[in-house]
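Next, two complexes with subunit A in common: one pairs it with subunit B, the other with subunit C.
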Partner chain A sequence: MGLFQKCSRLSLRSSYMWSVCPQYSIAVTARETPDRALIVHWTQHRDVHNSRRLGANPANPSAAPPRLPFSRVTQEDLSFFRALLPGRTITDPDLLKSSNVDWLKTVQGSSDVLLRPKTTEGVSQILRYCNERNLAVCPQGGNTGLVGGSVPVFDEIILSTSLMNQVFAFDNISGILTCQAGCVLENLSHYLEERDFIMPLDLGAKGSCHIGGNVSTNAGGLRLLRYGSLRGTVLGLEVVLADGHVLNCLATLRKDNTGYDLKQLFIGSEGTLGVITAVSILCPRKPKAVNVAFLGCSSFQQLLETFQCCRGMLGEILSAFEFLDASCMNLLEKHLKLTNPITECPFYIVIETAGSNATHDEEKLHQFLEEVMTSSLVTDGTVATEATKIKALWSLRERVTEALTHEGYTYKYDISLPVEKIYDLVQDMRRHLGGMAKNVVGYGHVGDGNLHLNITSPSKDFDLLAAIEPYVYEWTSQWKGSISAEHGLGLKKRNYIYYSKPSEAVALMGSIKAMLDPKGILNPYKTLPDNIN
Partner chain B sequence: MSARVLVGVKRVIDYAVKIRVKPDHTGVVTDGVKHSMNPFCEIAVEEAVKLKEKKLIKEVVAVSCGPQQVQETIRTALAMGADRGIHVEVSGKDYETLGPLQVSKILAALAKKEEASLIILGKQAIDDDCNQTGQMTAALLDWPQGTFASELAFEADKLKVVREIDGGLETIKIKLPAVVTADLRLNTPRYATLPNIMKAKKKKIAMVKPADLGVDVSSRLEVLKVDEPPTRQAGVKVETVEDLVGKLKEAGRV
Partner chain C sequence: MGLFQKCSRLSLRSSYMWSVCPQYSIAVTARETPDRALIVHWTQHRDVHNSRRLGANPANPSAAPPRLPFSRVTQEDLSFFRALLPGRTITDPDLLKSSNVDWLKTVQGSSDVLLRPKTTEGVSQILRYCNERNLAVCPQGGNTGLVGGSVPVFDEIILSTSLMNQVFAFDNISGILTCQAGCVLENLSHYLEERDFIMPLDLGAKGSCHIGGNVSTNAGGLRLLRYGSLRGTVLGLEVVLADGHVLNCLATLRKDNTGYDLKQLFIGSEGTLGVITAVSILCPRKPKAVNVAFLGCSSFQQLLETFQCCRGMLGEILSAFEFLDASCMNLLEKHLKLTNPITECPFYIVIETAGSNATHDEEKLHQFLEEVMTSSLVTDGTVATEATKIKALWSLRERVTEALTHEGYTYKYDISLPVEKIYDLVQDMRRHLGGMAKNVVGYGHVGDGNLHLNITSPSKDFDLLAAIEPYVYEWTSQWKGSISAEHGLGLKKRNYIYYSKPSEAVALMGSIKAMLDPKGILNPYKTLPDNIN
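Moving on to the complex of A and B:
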């Protein structure tokens, strides 16, 4: 049985391929038929377990919903944009291509317009106009998101922050940095390092992601264990609201208890409540001494005990505690030709210490290493103090995502669980999927209770997908975990929100969205479930 | 083989650090800056340890010249598999002026004292880029030398060395005892694993002074000035060929 849906006529020029998303359990292809109408074929999702809870289209919770009745971009609109942003209104299909597809190459939109404002005023005028014209907008930073939240679903106008890359100010006494939302994270890191500070967050995508995108997705990363989340380190935001009004909450104060903390609404809202245009963020001092230890454990239980020992003996100098399993190491060796610095072990840990005194830190680290070696919690390991070696060890953890892309098709799950349960999920999935999956790997920020569960197959396999979902979400829900620890909901996971949040909470989110964006033009089809209205 | 190998390791500013010139232009800032073993010395240590693992040589002795801190560098060599270390104490002004000539005199004296039959060094240090120590040491000892080695093999009582030279690869056979300097592609240095790092703590590092070896470390060179390279000027964009010719004429290039 199939569901047919007739969409309104669209120009011959553009063609749609919605279905590339891995969570799709069906083939969804939109093809042009001779009479120039688009017909979307849907086939039945095999497992309709929680269809009642999953929104407008129970058969396909992660598929795109039908296009909402936004206006379409006209020549008049283009003239307005070209006058407002001369040379920065992109309509060339070749240039638009990369902005229409996500980093994982799993979701593709068909936007015809990419706008590159340089200032907050520019963003304000764009949104005011779009709001009046009822044109949907997709804000886009570095386009490194993993849940399809950063690219258009249909023909939403792409609002890019790539030219909003100015640093406004840096106070080297308080460590507060104020900059535009389009600053690339790695560039900010370099800027700060010259001044003896660092960014409070660090992630594999640092070479491309924008700080505005990081904030609007409340990115976690490798340093969260030590410096906390963006909800603590972001001190102020400048946000342009759906109607073009500029909300200037760009305070640079460490403490300010005057009224409701509005910035918390926008942090993690994934561009659906407002477009972040500037950020003020508290930055820590650059540590004088950084050490990285790469250890091998023979069981997850030992890994957890090593973590406890680590917390106790390294204490305040611990700045990262990450893990990867043997399957990840195999992929790194196979696809990226990286070498395992130690003997083969079932589990690997990356521990980073950061402090202000090299001798003090090394002493603590060596005592800790001696302890875990003699007690056999750790079977092998190596330490690095030099920058080049540290980078090499970190790349073993940071490049797993890249190695996975070479395996064919990756099904990504970013789960928060009680720390002891983290690897149980990986082992359970292996048992559950049997030979259906090529690889089931687990890695991630074990120190934060965050698992990155990745499953691969040579190509999209809908039977495999049906076996994975909603099993993985139900498993997570059973242990009161989060179905998206740090990646957000975006397009792909919006309808699964009920696995981790009660309906009253989701309903309130809907009210807030309706209040701040009554026409729903900001990043539609994302974050909130389809049944929100 | 009952051969003993001497490996020289130099403590240098880490490869990834941004170098700053001292305000008085007498040198570069070294205080509080991250130091590590010279990358080519790492390759030298790795090669020596590999030879020992193949049972072609019996003992690997790591040597470094400098102040107290060089012991860290020797420990790294020990953690990679060297058997014992020798720390030649040179500090203060002497250390600042220590160069290839003095170091090669020290290595030559040590080679005789330790009865080494092979010396493996890095081809050059990344701080001074001299590329002289290996060659000078061989000359002082009147030993043959295989420099820029990208391959090393024992053949009967000789050493076959494949050298990386401008024209390509040159293969030579040299008699032992000999001096070899390691080039980039000789091997990939291993990571020092924890069990070895622990073991290395127990290995011996003997302390020796240059005077004990009969070496005079005074320098015949005087550094007059150290400057940063000139900052690269931004290029100029021109619209037409005429503009280009005009600009070239202005600069006196045409």
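Moving on to the complex of A and C:
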């Protein structure tokens, strides 16, 4: 009992507030052992002060809380699922393996059943049944999340959208696409490009991630600077609520002010309030001309000045302004054998333009490049207009995450800060950690003020971890930043929410959860902190 | 009792669902007469079938419901307010007049007190007191709404944001503005233009409307096509909840995925869930070049083809594509003495470009104009690049609403439809009404699929109204449109919500209202329908 001094669960009696029930879940867990929850990432348990701010396990706020008293899946349940989804109720442990572990292989669940419905009605029947039986459910898209949000923590039933991959409609006048939640982002991109449109979002995981998962996690990615967030581009959603009711908000209108915009509740709530089954989204025209420039800067200050100059001179054709530091480049060369196309620099920039007139775009880009080269803001650079070369330059930015996985163990932080502060955190962290870390690297979306801070060590190192956290969160909070800019909170970051949100806001989130999912069956242990007071 | 056969109110006992309490409120109302509610717009009461779909008063779903049993303002209450807001507690009936009636002079309340706090703390103390005393409150910004959402229906206390007009901060690197809710949109525009930025929204009412009201109503306006909706550009809000608690979500980050995005609840909920006291908003750079073209088309089909061509050729510099029909032009000439700058046509288009390179923009615009003139899509046109001429061309679109007010009585509809359908509704309505209406005119935002359908008669005409409604809503619903694209529902449209939203969605809205404002004191009788089942 020493380890988890407090735990919280959704109260069944109150629909308004989560209530903290000390010891109750622990007692249940103890009775129902063995629980097979295993957080590979976190295993050290130290005796430190119980901090209310950091939730159930103050020594290790990312660790899984005790299993909540959900029912266990019985043979009778399996019979129900098999009758409902013949051939699509998976219980073979080998087939379940990849769905029980996240992409980073840091969170390991132990679910015994994976359901693969094809229709909204199927999802509805599953949730109605699970809600009645008090069975917990983990909705899963492409399972590419980085915060342990898309895998079970214990034995939650995995509800996969992988067979829900139909495009319902595309209107080539308005550019509005309507499709099922399980469509893979890259497949949608190909579908649209054939029709002279593009998706308003793009990210490294596009080959696997599902649009439903993108919406559930409010994915940002590489095009946010230009096309804005999913909160603006998603026009409609169909969602199945915890009790199986289908909420049809699948509008295909650019403007609709009839009542509260319910779909916003489900964007970014990581499957904890409902399961998204279909999406309608506003897609931009495919640009007639795309150019990518890869530039080098000798300081972050020069990089920022280049960004300012770029926004002024490229204006409406600027579609991405990304950066990586020299340490990232070293890892790309070392592990992925990618070649640095320019001379070595402390900082590299990827600039993309997308416009409707190739001549105009090239002229703007060349004027900009001339300006930043003659003023010595940029020390070297290369430009690509041809698709293969564009892809090669982009891969230098997109494959940093992959390169890092070869380094041993990676501690990942996804931070929003005022743009002029983003690299200060990397430099300060290097000073702070001294020789403890193998690498402290920074890359990300300058245009959005979004830093991906990654710290590597040969293997898991809890002394290193203790030096990073909560230091990184305190640093972020001090500058009124966000401790999760685009990755979400999932399992790993849930208890750090108070560094970015006041307690009144978190309490209200708990009320919303309790209203929509009173039994708490949807993606438990995710997003919201263990203790909401 | 015949008139209002059912009425609903927020249940005090349940936080989960609105409950329908037949007759209860009626009884209270009868005891507490005189109630001075007067809906100027609607006075006819006919004996028709009670339609559940259309709420409390099926003959006249826009009419005010009976007064709910809120407390009446006492001398003791006034003493409290005067101590809290010395000199800013207005009870002089002459001074209250303009705050009791909407801009269109169609909804008339009878509030006896107008409060003008300067700070969030002031708003908090007012709401805490009103919630405890069960006093209803009508939040009011610039009072420019068109659906009766910003004026009291009975004796609700008017809580004005007019003295909350401070700019807190502007970051000229990120373009993020943070200000109080009562800042007038045009003042913010001037403030930003001096700093080489612009507001991401612009609308005809800019000289009076408040940014807090814009956000509360999710105002669309003229720049939505380019800069997207407030759901994407508003980065943070500070909101005072019904019980006086301050919810600080005033982030200034472009990306933040830490938990549910609570601010979205308050965008577009018309002050029924909380009072917005401060806003942070992402502002675009001021474009270096602006051009406006005013064109004529001989059919709506040609107008649509011009739109398609325009999107392709102007691409990223297109910032507005608006239209008005010949009837609108006649009214502009007749009542406002504006001059049509081109030859007479059935349809007129206002196209605005905004870009970073004047030469490129002019070249794109000229190429586009050459294309649409030589292909005869457009019959005549004029272009302005100079500010005064740009303003003059824009006024032809912006002042249509004003011209209509001179026509006698106007029935206003703000409809979203698939863009190729928007003028069909105008033509069909003309056929349907025959000689009953004086004018049936259409104008609006083609780029957003948003039609402003306006029907005039010399004076209020209930036979005409009965011919328009619910016909117009049924027509819209048949094409899966929105019965309120950007104006909101307010008092006038609240009971028509079911034409655009399924009952499950409306019930969930009721649950959210009950959770955040269990006594229902915030802007009662607005947004949600009288009967939620």
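The criterion applied here is as follows: the second predicted complex is superposed on the first by the 482 of 533 C-alpha atoms of A that agree within 3 Å, B and C clash if a C-alpha of one lies under 4 Å from a C-alpha of the other, contacts with A are read in each partner's own complex, and residues count from 1 in each chain.
In this section, a residue touches a chain if its C-beta (ideal position, glycine included) is under 8 Å from a C-beta of that chain, and two chains touch if they have at least 3 such contacts.
As the structure is a prediction and not an experimental result, all values here were calculated from the model.
Student: Going by the contact rule set out at the top, does A:P341 touch subunit B (first), subunit C (second), both, or neither?
Tutor: first
Student: Between subunit C and subunit B, which one touches more residues of subunit A when both complexes sit on the common chain A?
Tutor: C
Student: Looking at the overlay, does A:R311 come into contact with subunit B only (first), subunit C only (second), both, or neither?
Tutor: second
Student: Determine, under the contact definition given at the top, whether A:V383 touches first (subunit B), second (subunit C), both, or neither.
Tutor: Only subunit B; A:V383 stays clear of subunit C.
Student: Check whether A:N134 is in contact with subunit B, with subunit C, with both or with neither, and answer first, second, both or neither.
Tutor: After superposition on chain A, A:N134 lies in contact with neither partner.
Student: According to the stated criteria, A:E370 is in contact with first (subunit B), second (subunit C), both, or neither; which is it?
Tutor: It touches subunit B, and subunit C stays clear.
Student: Tell me the contact category for A:N165 with respect to subunit B and subunit C: first, second, both or neither.
Tutor: Neither partner.
Student: Considering only the contact definition stated at the top, list the common interface residues of subunit A for subunit B and subunit C.
Tutor: 288
Student: Which residues of subunit A touch subunit B in the complex?
Tutor: Listed in rising order, the residues are 288, 294-295, 339, 341-343, 369-370, 373, 378, 380-389, 391.
Student: Under the definition above, what is the set of subunit B residues touching subunit A in their complex?
Tutor: It is residues 14-17, 32, 34, 36, 188, 190-195, 197-198 of subunit B that touch subunit A.
Student: Over in the complex, which subunit C residues touch subunit A? Could you list them?
Tutor: Residue list for subunit C touching subunit A: 15-16, 171, 173-174, 217-218, 220, 224, 228-229, 231-233, 245-249, 251-262, 264-265, 267-269, 273, 285, 287-288, 304, 308, 311-317, 354-357, 360, 363-364, 416-420, 445, 448-450, 480-489, 493, 497, 500-502, 504-506, 508-509, 511-512, 515, 527-528.
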